[in-house]
Structure formats: C-alpha cells, structure tokens
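Chain lettering (A, B, C and D) follows the sequence in which the chains are written, and residue indices restart at 1 in each chain.
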Amino acid sequence: MVSALDRAWIPRGVVRAPLTRFGLWVGLWLGVFAVGAYAMYLCLADGLFHTNMDNRYVFGLWIFLDLTVIALGAGAFFTGFLLYVLRKKELKAVINSAVVLGLICYSGAMVILAVDVGQPLRAWFTYWYPNAHSMLAEVTFCITCYLLVLCIEYVPILLKNRRLRGIGGYLVFEHELHKLMVVFALIGTLLSFFHQGSLGGLFGVLRGRPFAFREGFAIWPSTFFLFILSAIAAGPSFIALTTWLVEKISRRRLISAEAYDTLARISGKMLMLYVLMKSLDTLFWLNQTAPARGFPAHRFYEFGNFGGWTLFIEIVILGLLPGLALIHAPLRAKRPVLLAAALAACAGVTLNRFVLTIQTMALPTLPFDRLMSYWPSWQEFAAFGAVVAYGVLVYSFSFRYLTLFPQERELTRAELMQRSQEA
Amino acid sequence: MTRRATPGKAARYGMIIDLDRCNGCGACMIACAVENNVPPPDAKATPRTGLNWVRVFRVETATRPAFVPVMCMQCGDETPCVSVCPQNAVDVDPSTGVVGQIPERCLGCRYCMAACPYQARVFNWRDPQWPAGMEQALNPNVSARQRGTVEKCNFCHGRWHAAVEAAANEGKTGSVSYTPACVEACPAQAIEFGDLNDAAFAAKARAAGAFRLLEPLGTGPKVYYRTGRAEVRGAVSGLIEEAKNGQRS
Amino acid sequence: MFPWVYGFSWTPGHVIFVGVFLTVAAAVAVTVFLAVFRSVQDFRRGKARQIAWQSHFHDLPASDRACRHALTGELKGRVCDNGFDCRQCSVHARLTAIETAPPAGRLYHRGHTWVRPAGDGTLLVGLDEIATKLLGSVGQAAAPPAGTVLEANAPAFTVRKKGAEFRILSPVDGVIVESHDGSQGWFARVKPAENYSDVHLLRGHEATAWFQREVDRLQMAACQVNGMPALADGGVLEGDLSEVLPPGVWESLSAEMLLDS
Amino acid sequence: MIRRELIKFAGGAATGLAFTPLPWRLLGDSAIWTQNWSWMPRTPRGEVGEKEANCTLCPAGCAVKVRTCGGTPIGVWPRGEAMCPAGFAGHTLPWHPLRLRQCLNRGRVSSLEEALEASRAAAEGGLAVLDMLPGRTASLLHRVHLSGIANARYIPAPQAEGGTARAMARLAAGSVQLSAELGRAKTVLSVSTPLLDGWAAPRRTAANRGFTLWQAESWRSRTMDLADSRLLIRPGSETALLLGLARQLLQTAGVERRARLLQGFDQLQAAIAHAAPAAAAERTGLSEDRIAALADALLRGQPSLVIADGDPLGGPLPEDARLAAAAVNVLLGAEAFSTRREPPVPKPWRCIECTRLEQVDNHSIGLLIIDEPAPGLALPWAAIAPKLKPEGALVVALTWNRASYARRADWLVPVPVYLESAADAPPPPDTGSWRIAVSPAVLNPPEGAIAAADFVARLAGAEPDSAARLEERQKLAGEEELEAAPAPAFTRILPAGTDGAQLAAAAAANLEGPPVAAHGWRQASVSPLLGKLWQEWDLRPAPGAVTSHPETLRGLGWHADSGARLESEAGQMQVLLEADPTAPSGIIALSAGPAYAQICEAAPNGAWRLKNPKVVRS
C-alpha cells in the first residue's frame, strides 16, 4: 500500500531506491536532526551559553557556516540568471536541483541565524527600526526577500510532481507562474547580488578590525565584490559536486557530460577572475589599508595558528590551481580532475569565509591582548548537523518525488537498455 | 538613528585615565557592576563570557606591569558599532557624545561586538541571576538586562539622567556635570571625567603623555590614557613608533 | 521604519534603502498576484484543462511535439507549439484549406487514441494498436462511465498496469453515452459537443507517417533489447511489450508515447 | 458564491485593519512582551536615601556612605577617601548565597534557646571565646561578659595582630603595643606581606604612596606587581633573607656601633654567623648584590621599615622571621614605629585578660565559641583541635556563613552581618592613632540571628545590650581623641632568651615537599559579585587556584585547566590548576582563602604551612 503510494509519487521513467532503503536513509537523518533540534532547543530556551561562543568569539561556527552555505547556495541565483536571462539552455539540466539547493542553503542559514541570535523574537525589529548603514540590515532584507523568491521558484517544481499536477488548478497556476519566471530570476539575481556582497561587506566594513577592513567603492568595501565573485565562482562547482554526489548516492546518471562541462567552464572562468581580483585586493590591503591603520601586515600572520600559509592556500592552492584546471578543456574533461578542482574551489571559498570570520575574531586588536582559540560546543555542531540533516531530507524527498534533473529519464532509459542488453 | 540634541550647550563627555596611578585593584569593576546592576558571575562564567563593563588588563612591560582599565571608549568620529547595528539599538547621543545601547531593542546578533576593537561590549549569555533576595539591593535607576542582549559602559547613564533631572529642577539646561561610578570608586583617583568641550579638560586630554587606544584606526575614542612611562606607552598605545621607543627605554 | 517609532528620522539613506526593498517586495507580490489572478481568470473562462495540457505539453521532449505536417514532410522539423490542438492553428488551417471532405475511417489523436463516427451521430473512441501493445488489454475498470464529459487533450481515463499508471488523453470534446471494456476496439461512445471539430486529429497519410514514426521509436527501443521480435516489414509488433522491455524502459516509453510524463 | 464573498470580506477586513492603530499597537506590545520576562528581577522601588557609616569588613574601617532605597542598602560608596573593591560589594553581604539564617545543630535546624542550653552545659568544662577579629567593641564585650563566668578565656586570633609590631614590642622597654606606620616611612621592605592589598587601608595602595617599596615574596602577588623593586625569593626563605640583610647592615660602621650597645647583640651575631652573603643568596635565590642593594636602599632611604607579617590567609610567617625582621628594624632605627594607644574602655567595664592560643593548655576547653564576624580570617583547625577536651567538647560557631568553621562546629548560630547591626571595625595595623569606625544598622537581621557579644552575654546570664554598649563607647571616643605616640627606645635587638643558633638553624632549614607559596585575599568571600575579579576577569587569582609556570606544572605531571584535589596530612581541598607563563618557575602559588585553614598545620613557631602537599586529579 505504502509502496504503491510511494511509487505513484515517483516521477515516471526514473529509478529510485526501494522504499525500505529510503526509509533507513531518512531515519538516519531524522536522528541527526532530532539531536540538533534538541541542541537548538537548549540554545533557544536556556540561553546561548550552551554554545562555546564568548565575548571574544561572538560569532562562532554558525556565522562561518552561514556564510559558507550561502556562498555555495549562490549556484541557485547564478544558474537562474544564466538560464533565464542569458539563455544558457544547457543549464536547464540542473536548474531545478540548483533551486532546491539554494532553498535549502538559505532557509537553513535562516534557521541557524534564528538560533544563534540572542533574541530571535525580536527579529522583525530589523524591519521596524532598520539601520540603512548596516550591512546586516541589508543582508536581512535581501535574504528574507530572496528566500521568498526561492520558495516561489520552488513552487513550479513542486507542482510538476506527478500526483500534484493532477490536482485541480495546480498545473494552471504553475503554467502562469512559469511564464513570469524571468521576473523572479531577475529579482533573485538582484537580491543575491546584493546580499552576497553585503555578507562580504559585513566584515569588510569593520573599521575596528584591520584584518577584515577593506576600502572600496562608495559604501561598499572590496570584499562586497569579492564575495559576489567568489560565490558565483563556487556556485556552479558546488552544483557539479552535489550532482555528482547525488549520482553516487542514488547510483544514477543525472546530467550529461556537457552539463558538467558547462558548469565547470563557467566556474573556472569566474574563479580565475576572482583570484586575480583577490590577489590585487590582498596586495593593496597588506601594503596600504592595514598599515595606514596602524597594523603592519606581519602582525596578522605572526600568530602560530594563523601563519601566512592561510593566504597562500586560499589564493594559490584553492584558487589559482582549480581555476586553471577548470578553464583548461582537456583537463576538465577528465571527471576526477573536474571534481577535484570543483571541490578545491568550494574549499577555497570555505577557507575564505573561515579566514574572514573566525580568524578576524581570533586576532587581537588591542596591543596588549593575546590570541585566543575557540572550539565549538557539541550544541553548535549538533545545531549545524540538524541543518545539514534538514537539507539532506528536503533534497532527498525532492529528488525522490520531484523532477530535479530533466535529463535523468533519458539517461536512465539508455542505461537500462544497455544493462538489459548486457544481461 | 539620530536623537534631537538637548537644547543648550551639548557635552562631549570623556575620560582621562592615569596609568601611572592605576594599581589594578578592581574597585572600578565592582563599583560599576553595583551601579549598573550587572549580575554576579554564574558558576561557569569565565573571563571570556563574563559581564564587565570595564575591565582592567594587566600589561606586562619591561619593568613592572601596568594596569589598563578598558571601558567603552565612546568613539566619536567613526563609531564602529553604531553603523553596524541592523536595528538602531546603538546610537550616539548628540547631547552627551555617549554611545548608547538600547537593550530593549537589541536583537543579540553581536555584530557590534565583532565591530568593537576594544572588546568593550559584553553579551548576556544567560539570564541574569542574583542570589535570592539580592535583587532588593539593585540600583533602582538602572533596569536589568535580559539574556541575549548586548550591553556595555554608557558612562553611567543612570547617573547622568539623575543629574539632568536635578539640573532641570533647578531650571538649568544643557551640559551637566556628574561622576560615573568608576570615577567615584577609584581609590587612586586615576580616572578623571569631564567634558571635552571644556577647554581645560580638553587641553589635559591632549597634553604630552596622553594618548588613545588604537588611535590610527580613526575611531576617535573619548577615553584618553596618560602615562609618564615610555615602556607602558609602548605596550599600551598600539602605535608602532611608541612600541619601538618603549623597547629601547 | 515608521515615523511614529521613537527617535526615528528619515535620511536619504533610508529613503533609498527602504525604497529599493519595498520596490522588490512589491514586484514579487505583484508577480505572484498576477499569476494567481491569471489562473483564476483561466478557470473562470473554462480554459483550465486546456492550459494544464499546455503546461504538460511543454514538458514533453521536442521529438514528441513534432507537427503533423512535419511528419508528412510538408514542413521541415516543425515543432507544435499549440498543444496538438490544430483547431486554432493558423498553419494547419492554411495547409488544409482545400481539404474539406469529411474524413472516413479512424482519425488519430497523438496520444494513441482514435475516433470513428458511428453513423448515428455519435463517435466511437478507442485505443490504437500501439497503445494496446504497450498496455495490453485495457480491462473493464478502465473505461470512464457514461455521462463523463470529455475534452480534447484533457485526461479521459486512467490505465493501471504492473503498478504503473497512465492517463489517456481524450481525442475529442463531448459526453460519453456508453462505455465499453474495449474488447471490440472501442471503449466509449461519445456524443460530440456542439462545436465539435476534428481538424486536430491525424488522418490519411498523416496518420500513416505518424504511425510509422511511432513504430520506429518502439522498434528502436526494442531492437536494443535481446530476444525482441524483430520486425522488418514495419508491421505491428508482436507480444506484450510490458513483458519484453525492461520495466523502467517500458513504463517511461509508454508514458512518452501516450504523452504522459 | 458564499465562499467567494467570505474571502472577499476577509481580504477587505485585513486591508482595512492595516489602516487602524490595532496591528501597530499589537506589534509594539509584542516588543514589550519580549522585554518583560517573569523571571527578570525587578529593581526596587522606594525613597532613595543616604546614611553615613564606616565599612567594618576589615580593620581599615573606611568611611562610607550607604545609599538606600526604601530602607534597603543599594550601594556603598566612599565618603572622602577610598575603598577596596570588596567594600563596594559589601551591601550585598546579607544576601550571600552561603548565608546562615537558622541555628543548626550538626546540620539539623534548631533554635537559639537550644544552642544556649547546650552551651551552658558544655561551658562547665571550661569556656573559651576565639575572636577572629579582635579589637572591636564586641571583643571588649566578650571579655566583659566572660569575667562573669568561671574558667573562661578570651583568645584573640593570632594572625589578626600585626606580627612585626608585636615582635618589636618585645624589644622595647616596658609593656607597650606598637604599630608600624607606613605614613612615616620612606623605604619599606615587605616580606611576604600583602602590604598594598588588604594589609592596610586602601588609600595605601594608591599610586602616590609616599615610600619606596621593596617586596620580597615567592610569587607574583599584587603587592609584588606594584612594588618599586621586586625580590623573588624561595618559599620559606624569609628568615634567611632577613638574617642576611642584618649581616649586610652590620657591615656599615655606624649601624654596628649602635647595635653593639643593645642587649641580645651576641645572640644576633650568633644567628648571622652562618648567614654569609653567599648562604643567604643561595637560600633565597637572590644574588648577593641584590641583598646588598636592598641593605643600601634601606639605609639611604631612612626612615625605613621592614614588615614581615606574612599573608594572613596564606598563613603568617614563623616566629623566627618576625624576630629577624624586628632585629633589622632596630638596626635601621625603627623610626616609623609608634606606640599604639589603647582604645578607650568605659570605666565600669571589667574585662578579663587576653589569652594567647599557644598559652592554652591542651584538652582544657569544654566549650569553644568561635566569633567570626567578618569574612576571611581562619585559623588552621590543627591549631585548635588539641586544645579541646577529647570527650564531650562542644564547638559553637557564631558565624554568618556556612563555609569556614561550619564543618568543624557542632552548633552554628547565625549572627547579623555588616549593615544589619551596629558594629565597629578594629583599629588598622598601620596606625597608632585611634578612631572608632562605626557602621550603624541599616537592615534588620534575619529572624534568629544574634550578635556574638549578646550570645556570650546570655551565656553569662546578662542582658544582651551590645548595641547600647557600642554607643556608650562611641561617645567616649568622641571626648577623647587619641594620637599616636612615638615609639619608645629599643633596648634589645632580640628578645631575652632567644637562641641565636636556633634562629640560624631555622633560617637554614629545608622545607619539606614542593615549594608552595600560599596566599589569599581575605575579602574574597564578601560577595559573589567579587567573583568578577577572578572568575569573569583575571585580575586576581581565584580562591582555590593553583597557579604555576607551565613548565613547573608539566614537571610535576599536573595538567592546567583541570579540577584537582590538594591533599595534605591535615585535610584536602578542591583546587583549580592554572598555568601562567608570567609566574616564577619552580614555585606553586596557591590562592587558598579561608579554605586553606582546612588543610594546613600550625607549627610551634607560629607559622602554618602545608605538610606534604600533593595534588590528586579529580
């Protein structure tokens, strides 16, 4: 009965794991989610002392991960932009998956944010008493608006489900909504552009933190633009990576080699541009911005844990090298190279977010202060685990019951044919 | 965002702290906590989660250590915390120059804490708790803050308010003079409080030997420090040349 | 954000900031509202089923959406953008302007159903050979009961086989007056709607071309499978395809040919 | 149709509502809901007033004003001069979490009457009052009331009296009490004494003190931090340093000439015979030059003063160190000492004499009453226990807190604390002039609390009247302003009967076990608010903290930041191990507070030290 129902909801022509296996998978993640939900409850009901954050590390694991997942979630807006505005038809193969990933990343970030601010009940104050000068106000506005847009973009994917499409006017609404999708793609691009930037600006404007402070254009520090660039460089890589991961886990082929190639090519080009800009920015900052504020560059890198190697790894190992691998067609044609480079690109962006958040917090500003370390409490890990579990669950259900990869059906048929031929 | 200035002459309150006088007894910290209803530490509090509006750093130097009380510097020119607060819970009162924190409006995002180079801001990681009955001994002029909000030194806003009221009762407006708790408490009289718009006080703040913390950041702190010891100046001021001078001497 | 909130005063920054976001919010709201409004409008005008078909139709692969005139070679590689509803199609009207004689025999719908005038003013509706090969005998339960209103391109009824489920598109507008289990080739006797038209249905050489193409598709799939009865003459396939083809392939191929996704 | 109209109606209503004040008002209110939580404490309401008082938490007796709201103290602020951090938290003492509010008989809630009854029965076996803060009016009243009880003794806590001044008094002609006046000195050598941190009034700790301070200590105390010159010595080498210093001083012709005229010079020579510069240097860990420089500074910067009282919480220095310090002071002329004037006692008051703890025979006390009015000081139990009768001895602690002697006492009787009853502070150790520092009652004491003097009065069958008696004495003080008198001439350099060779041997003796520098801040237990200084910030060592150089900790196999148990032969206490790279290496600094009294032993020479301490990880 249940299995028949399950089967009726699965899109036609694709193969999905047996219901029991799927149930186990879901159960596993529900367990992770439950632990994290308990940790979140502790933080919300009892106080933030459950985290290992303190007056020095006011932002802990969560801000680093928020920034990271939002950067990786940038694939959603960038793919939408490329597909609907620049008409890159190849990306139709991944747009649905990208939208779901974006939705997960953004909603997950919002959940974590709600847990890790002290007074989540006052979240609406930002709308009530907005400070136009605050990057965080801009981020709040953009992210909430963009989350709404992502939800709207998710609706057509949902309504196209085999069962839902049969209900009343769902398809009609989907049809009408789809006709207007370019509007959402444009709004999403605008919003994403600004809040990716604002997240970068978040730290770039901290004039009291010379390690993070950057000069820039008008009201935006250079990190504003670097964040946008790095996010759109890593976004397609992240989509390629997740798609590959889903392929491995579900043991299906989901997109064509051309789609991988397109994603990698775009990622590579953007990454090269980013590395160039980042290098210029770093040189300017080390030689001009920081010394002018009384902090010669060596002061940032004389602390044992955070040597100059972070800079080298971030820009060269996890920036330049994957960039080169991805723009060179013969190299990226090799799947392992492509995946390794995509992974490195994502890791580079992650490291960049880490440096800008955790390292900024760690480095002392007062000359008589010292470096302090921080290790998150289990509650912080668990809360993040819950968000990951939430993401996996949403994605798993979406993948099982919705059409995330339009090419999958064709690829599956070819594969099934081949297999039965071999048999 | 912006508050209407009190009619009459506005003040720019500031402090001058004599590092050669401070002996690090901590009276300012305790007096501040009493005045501003800062709760006692809970069982698991550490220097990193503690609630102190003023903290006295012990700074090792080539000779004997110096003690540096660090409270909110009430930055003036480019206040790092005011511009970052997403919902205007931090403001600068144009009539006093004091950076105010509105705990009732605070979201607890702690962005202002990240922005502050002086670590003058603290967060209520848990509900404030006093031993049973001790809440009777709280200062009636300052309300307790909830968990999940940021707080910091406001140059004893409660005392300022009382002084303004007293002055108003006498029919006076404009800048009033009052004494913050730490200034009153300091047994060594190391802290001097005054109005930087007052020429005599301003001159003292700019006298030789006076400096501000992390001056090149351009935050324009209104708390000045003073020392006659070059090694202390080198270790505390954060000025590169000073640090070199301090090492030489 | 609002003037009555204590201590707030507007600055140009606020005006720009709030202005931009209100614009964005308004744009989102207006667009969503527009989509809802249009949907309601569609319902009110009774276009809902047609639009649902349109939406569905656009998800079909281009190969499935080939124009009937492309099938016959009159137009090269044309893809239908009308949801196979030639009654409103100007291209079709132009190309068939001279052909006015009422058709005899079966008229085919692209979802593998056919229509044949019964002679008494009613129409007989049935599944064609390919559909029958794909689905086997449809069975009693499948046919819709008398009184069901059919609308061209809207789902007429649903067939279940081997756990899979396919909906069959109706070839015509009308009301079922008698339903049948399909053993005699047809499953419904339909009283045509007042404005009944059959121009969207394939006929004559179109039907042959289309049929040939569909057989080719089946054969292509079938040829890749060992033990499949090979057909050199382009005749009708033998055997129950659901038994021969791998289950996943059978289901998705059937759905594709029945224009169900 | 109906449904559509309903929807229309609802939509219209929602839109219309937005133009009414209602939603905005609700939003505003919900902002208030997030601000008023039932468990948030409400600040007090009432009329704000101010009362003049003196802080009686320590002998400094600082002049204060007590701010009240509706009669409850809401803050203590300095009146005129200065206050220590503990003073600012003093008004919270009545609500201390360890506050004792009921009579307890071995943990069982009991009544005052029962406590008195049990005490009366036990008093027949010999009664003694151990006064942890002697010199108050209440101390006098103990002696007055005890005069009516047979076989009663009054024992002042030994570490409460200035050790150096007491040793000096034995060198002066006649029976006098002396006081070392920092105000008169130009150069001061403090040996392991928290001179700027609780030893004297807070104003002494101010930066503009009038003397140059040399601090000799075995850990980096706050006084050490603030000293002009720091002498880091090995724990237990105080006597060696002082004898070495005496030998250095005697090399100056003038000093030697004067010293030869004094009695006991031969004993001193015998004592310093073995204190060769090299030996003193080796023992203390200082260089010979440094000791010579110290001697030179003390000679040049006259009047100079040597204070070797030790840290009262870490345990006072041994008697031989005090004798050596007294000798050095005499060599330096002892100009900064003054004769301490006895506080006035109303004529009709008849007091019994004081008995020193070491004069009390073993097994001679049937009822021991411990009066512990202010937090902090405590004697090692090992010093007290032998004096009690082995069978049926009763210990009654008149105390406010459930921590210090509560573990040892059979009966705990709650007493009013600071601001709950009129009380006075004992005279401070650094002044010979005398004033009475009274704190009036601001709050009502808890039901069942009784002033310590009144408890003793009830035992003696007298009426409790300590408040009235304090007033009486205060009036007397108003009539008679007592100024310090110069110190008498010193006729001796060592007390009669001192064995110089023994002194030398004590200086050379090796300590057992690892070098532990114990110390404490007696005010630490005034208020949990003071935890800000060590728990929420690291301005002071936390009570119970064992601080050492990371290398030293590693050498001992101890791990920093872990809870541990410190065990000695007398007992054990919980400690927290902390690594401090700025700490002197090889030395374990133990910040024990009153808990230290639980685990240390009192040596015959008056010092209390840990015997065979070891840290057990818990």
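Brief remarks follow.
The definition used in the following text is that a contact is a pair of C-beta atoms (placed from the backbone, for glycine too) under 8 Å apart; a residue touches a chain by one contact, two chains touch by 3 or more.
This one's a predicted model, so the numbers in the text were calculated from it and none came from an experiment.
Nearest to the overall CA centre, using the mean of each chain's CA atoms, is chain B. With centres computed as the average of Cα coordinates, no chain lies farther from subunit C than D. Of the two interfaces, A-D and A-C, the higher number of touching C-beta pairs belongs to A-C.
Note on chain placement: the centre of subunit C and the centre of subunit D lie 95 Å apart, centres being C-alpha means.
Averaged Cα coordinates give subunit B a centre that lies 74 Å from the centre of subunit C. The distance from the centre of subunit A to the centre of subunit D, each centre being the mean of the chain's C-alpha atoms, comes to 60 Å. In terms of their C-alpha centroids, the spacing between subunit A and subunit C amounts to 39 Å.
Contact of a single residue of subunit D with at least two other chains is seen at positions 31.
Across the assembly, subunit A contributes 119, 122, 125, 128-130, 133, 137 as residues in contact with two or more other chains.
With touch defined as above, residues shared between interfaces to two or more other chains in subunit C number as follows: 2, 8, 11, 14. Considering their complex, residues 1, 44, 46, 48-50, 57, 59, 68, 70, 78, 80-81, 83-89, 105-111, 113-119, 121-127, 146-150, 213-219, 235-240, 243 of subunit B touch subunit A. Those residues of subunit D that touch subunit B in the complex are listed here as 31, 35, 37, 39-46, 48, 69, 72-75, 77-78, 81-89, 91-92, 94-97, 196-197, 202-203, 205-208, 222, 225-228, 230, 527-533, 535-540, 582.
On subunit B, the positions that touch subunit D within their shared complex are 18, 20-27, 29-31, 33-35, 37-38, 40-41, 45-47, 49-52, 55-56, 58, 60, 64-65, 104, 127-128, 130-144, 146, 184-185, 187-190. Residues 1-2, 5, 8, 11, 13-14, 16-18, 21, 24-25, 27-28, 31-32, 34-36, 38-39, 42-43, 48, 51-52, 54-56, 59, 61, 155, 163-165, 167, 221, 224-226, 246, 248-249, 251-253, 255-256, 260-261 of subunit C touch subunit A in their complex. On subunit A, the positions that touch subunit D within their shared complex are 119, 121-122, 124-125, 128.
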